[in-house]
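In the two assemblies presented below, subunit A is common to both, partnered first by subunit B and then by subunit C.
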Partner chain A sequence: MSPKIVPWAVVAATLAGAAWFAAAMTVGGDRSALLIGETTDAHHQIELACETCHAAPAFASAAKAEKALNRACRKCHDKELKAADDSHPRRKFRNPRMAVYWEKLDARLCTTCHVEHRPEIVRASAVTVAMDFCVACHSEGDQDVRAERPSHAGLAFDTCASAGCHNYHDNRALYEEFLVRHAGEPWLADAPAHELSARQRVRKRPARAALARGDAVAPRAALADPAWLDRWADSGHAAAGVNCGACHAPKAGKNATRETVEASWIEAPGTAVCEDCHRPQARTFVLGRHGMRRHPRVAKPRDPLRQLRKIGLSEFVPETVALWLADPAPPTTMTVAEARIPMRSDAAHGTLDCGTCHTPHAVDVRHAAAEACASCHDDPHTRAYFASPHHALWRAELAGEAPPGTGVSCATCHMPKTERRGRIATDHNQNDNLRPNEKMIRPVCLDCHGLGFSLNALADGALVERNFTGTPAVRVESIGWATRRAQATKREAGG
Partner chain B sequence: MKRTLLTIAVLAFGIGSAVAAEGIPFRKVADMLYQVMSADREVYTRMVVQRLTVDKKVITASEHFEDDSALPLPAQMFRFGAERVMDQTEDFSYALLSLNPINKKNGPGTDLERKGLRYVLENEGENFYGEEELGGERYFAAVYPDYAVVEACINCHNGHKDSPRRDLKVGDVMGGVVIRIPME
Partner chain C sequence: MLTFAEEILLLLGDEEGVFLPVEEHAFECALAGAVLMDLAFAYRIDTDLEKLVAIDPAPTGNPMLDRVLEKIVARTDTTDTRTWVGVLSREDAAVLREQALESLAGRGVLERRDGRFLWAFGAVRYPALDDGAVRTIKARIEDVLSDDIPHPRDVALISLVDACEILPDLFPDRDVAAFGPRIALLRRMDLIGREVAGTIADIQRTVVREARARAARFQKLLLVLSAFGGLGVAATLLSPPIPLADRFGPGLFESLWYDGVWKQWSGYLLLGLSVAGLGVATIVKKRLVARIAGSHGWRLFHIVLGIACVLVLFAHTGFRFGANMNAALMAFFVAALLSGALAGAAIGGTPRLRKMGIRKTGRQNRLLIGLHAVAICPLPALLIVHLLSVYLY
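For the complex of A and B:
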């Protein structure tokens, strides 16, 4: 190469690079190279849907960008924080009387403690500040918790939220009066059972609705495979009167005939047909990591023509070039291979939608509740489940040797039942009560176990890994401290 | 008269500083805001909490009202209102504080709060007014006495395990309402 060309080549390469950068930032196209750092486990699935979080217009000031970023956090997480009876809600810290704390730990902003794209500082629960963050507000003057609580005098601040005693947001199972109320409970209840599971499993179905093998209405070719037909006839769908057309030909309507079903037959229906009937499940599925790519607040791929119009360049860029700049359409479902936790290699290509756990024709929630999980997950906790006391209880319930609701499957703990207006549904956000794990206590553990045992068990990481095979080797002191304080107060009052 | 009523109606919907900007002194705006807050607080305490928990004994009031299926405490109702306002505007803010708070976070946090709470405690029937700078912004601040209006107030405050004061009587000043309006 002639030496004279080198400067021009550098200029051309710089201009080309700048053009690509500007196009990727503002118009469209693959921008994975622009990621400034790995995102947390909480958001890695949607990290290329940048506008989901970075909602401010291009070239907005840093202050506006930060505001928009935090507004985006709240849009997705406000409901769960409200449900958690958030102990540190943002509105509490917006009052100017809290200004003294803004410089120490600005609790008005989610991003004070949860920064993305900084993998080197990420701690448990996606916290990105030092774990002694409580020290900022609870260590001085009247707010010094060590002065107020003699039991806390020698405790280090990095243990507040890591020893099973407190959480920053969700303390529903940890507040003092709750501890006192549940003090002294036995490790196991007299008749341990999950009430909502028990009620759901014995619920009566209308006998008239149940369909048998001969009631199937479908094109002849579809009925040719007797195995599929048998699976459907044994399924919950047949028991609930859901005929083939309900999923394969929803347009045919309720009074479908073989002809109308055949006319609108869909060989492989999408998840939309599931969502039509199973709305609470669909609504919660997109809140967890299995389904969050389908969350309605996750930004859709950019339309380059629209983006060009916004910046006034649509007339100058040929449409073919603009279309070349289209965002690569991200799959709406996760693949198992994309997970960051240990997974089975033979499941790597599997995707996550309703049919992944609920085999479409053999709609068997018992399979979905445990075996389906282990068909992908391959971590120590999952592997240990099949030799655990919980699994033995599950087997006994399935075999009819134990009452309904006494078995403990993966779903019992990770997808607990909820009741709303008399209807029981399974929470399909399997991350809802996962971290911090004390969130699991009220909706799950306390159905069968005492609070003290539950706190100890969940604080024992090795026991969690063994899927609760054994007894807790950790003792959380909070119940003892709370009861002793309550007794002392009672004595002082002469009670 | 019509204008005054309209002003109070507007204030009741939380647009305090807009009125202040039209020329009504900060002190007057704060006084009017306090009248609304104080009336709502007393009505809830007398007509809901006192009537149902003490007089008729049909329900209890509890700090953990969700778990206990009980009524929120009057102080919680007041705080929920204050926090709701903070969700909607930064034009004004308010808080219920005390020199003897059950919850330590409701103690005085600034010099003005400490001075104001002391003033309303020691000067019966009087309010305290001042200015202070918080977070780089100048605020007009007013502190109003908060009284134990009914038996329910003193039952709870005198009996609570975290209460630093257990000799309150009906009519005593328990603390103060602090209202702030940004001056710029």
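For the complex of A and C:
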């Protein structure tokens, strides 16, 4: 190649690249090369649906863009913050009387503490400011925590959230009154059991008759495999009277015959079939990390024709070219390989939908509650589970050697049971109580353990890694301090 | 007959019209000396220890020589040879060069070709139409450097070639170090007519001395600045990102790297410096900067702009390369800065390299400047994407 061509080739290549990226930004196309940095936690699953967060119009002012970003945060996270009885709700800081704090730490905006695409400044819990941020408001004036609490006199502000005492948002198990109320509890309850789990395990089955192997209604070819048939016959579906057609031929209706089932038979039904019956589970599944790609708030792929109309180029670009510029179809499920936490390499190609944990023909919630998790997750906490006291309890319950609800599986803690309108269901938003781990105390830990033990155990990182095999080496002082302060207040009031 | 200036330019050009990357201070001194020598051979000027004066104001018939002669005649104060070499090399070298090239083109020795680089930047080349003239000049020099009895004009020409330090490029297959004693001997030989002998010898001495002194000063400064810039680029490449403070509160770095307003200031400053650097190197170098900052101020100014870019880049990124498109932009920008620093260091370090026995540096210097240009080519497109991504998202 002539040396004279080199600058031209470089300029032509970069102009073509720039045009491609300009089209990707304004019309449609793969935008992964435009990502300026990794997103926090599980947001990487939706980071190419840019409009989910970047909802402001193009060339909007910085203030409008920031406002739109924060609105996007609230759209997805407001409910959980509300459920957590957020200690620092936005509404509190919108009050003009709090203006003095806006300059220090503008708590009206999520993006003050949580900035995306800046992996180099991400700290625990996706916080992107220094972890002693409490100092901004609680080190002087009325809000000075050391003024009323001598116990806090020598404490550094970076220990507020790291010592098991406080969280910025969720303090449901950490506030003073709660600590005092649960002070002195034994490490283990007299009859430790998860009440909702126990109630669910002994609940009565629906009145419909359980189905047996011979009741299966399906095309002959499908019935030819005895192994599948056996698995179905032993499954919860058969026990609940759910025949093959319910999933493989939903259009055939309830009183389907072999002919009608055969006519509308679907070989591999999608998750929509599961969602038809298991609505609470499906609703919560998309709120968690496993299913967040199908979260209702995630932006849909852009319509290139509409985008071209917006920038006034629809008349100049042929429709076929516009359609070629369309956003790549977003995957509806995450593969195990995409996870950014330690996972098993042999599970890399697995996708995350209902069938990943609940093998379709052997719907076994016992498998889904523990073994299914370990078939993908490969971190020390997961590996240690199978040698832990919790797993021993789980095995005892499965073997019928212990009462229902006494076993502790992965799902017991991470997908706890919830009760709504008298119906008990498993919360499939597995990160609802994941972090900070004190969120787990009220819905899970306190079923069996005292608050003091729970706080100590959850604050002991090494113990968590060993999946609670052993005793806590960390002692969280908050209960003692709260109790002494309450006693002192009582004495003052009495005297 | 060709003038010395025309002969020097013929020696410097190749068949494509590309000139040897000769040290420009030396070349300009040689060009000034060449014109003075021609005037001396034409019995128009005379020198002594203190002054250079016009002894015959009658025009020579050569516009280039007459222009300088008019200037000498017009000057009334006492001015020595050294001052005239300095004045002509600073103020008139570009014009003398153009006049000599046009003269050669008018005689059919060279051809003027107007072209453009990337459509945006003008570029004029003078490829040789007949390389016979060049071969003749080279043969004269080669003969004189052997044992032939030299012609007085050849002795003068050799002193100009020596001042430009282009003997290694003219005779790449010869051991030019061996020519040293012969050149020294030629300088001492009384081969020129008694009337002009003193003048020519004075001009020869002055040209060589001035060329080397000014080149040395400039190259030293160029080397120091380039090394400084290169260190900055090395720090950008090798230093880990500066960690942020673990204490809450306003910090300079936090503001610089994470505050949108500051980021825009540093970003646009970087853009402005880059555009200024590009402008200085392409458009302005032959026009404005030559007048306001001396004939070589543009190169030093270009490197100072490069150093400023390194500093502002640190303020903009904190040694963070970013990811994907941003990383590509950063990589090309740093490559442009690094190749620029290396080219500056190579040009500035030429005398030192020659002392170390590394003589053929012209091709390498040209390669580094080429790399510098290639690394710059993608930057406008990448910057557009970078800016669009900032304001669209």
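The rule we apply is simple: the second predicted complex is superposed on the first by the 473 of 495 C-alpha atoms of A that agree within 3 Å, B and C clash if a C-alpha of one lies under 4 Å from a C-alpha of the other, contacts with A are read in each partner's own complex, and residues count from 1 in each chain.
By definition in this document, a residue touches a chain if its C-beta (ideal position, glycine included) is under 8 Å from a C-beta of that chain, and two chains touch if they have at least 3 such contacts.
Since we're looking at a predicted model, the values are computed, not measured.
Of the two partner chains placed by the overlay, neither subunit B nor subunit C lies in contact with A:M334.
A count of residues in subunit A touched by subunit B and by subunit C gives the higher number to C. By the document's definition of touching, of the two partners only subunit C reaches A:E38; subunit B does not. Of the two partner chains placed by the overlay, only subunit B lies in contact with A:E177; subunit C stays clear of it. In the superposition on chain A, A:V100 makes contact with subunit B only, while subunit C stays out of contact range. By the touch criterion defined above, A:A130 reaches subunit C but does not reach subunit B.
In the superposition on chain A, contact of A:R91 is made with subunit B only, not with subunit C. Residues of subunit B that touch subunit A in their complex: 63-64, 66-67, 82-84, 86-87, 90, 93, 95, 104-105, 107, 109-110, 113, 134-135, 137, 139, 159, 161, 178, 180, 182.
Across the interface of their complex, subunit A is touched by residues 117-118, 241, 244-249, 258, 260, 320, 322-326, 370, 373-374, 377-378, 380-382, 384-385, 388-389, 391-393 of subunit C. By the touch criterion stated above, subunit A contacts subunit B in their complex at residues 85, 89, 91-92, 94-100, 102, 142-143, 148, 175, 177-178, 485-486, 489-490, 493. Those residues of subunit A that touch subunit C in the shared complex are 3, 6-8, 10-11, 13-15, 17-18, 21-22, 25-26, 32-38, 50, 54, 58-59, 62, 105, 115, 118, 120-121, 129-133, 135-136, 157-158.
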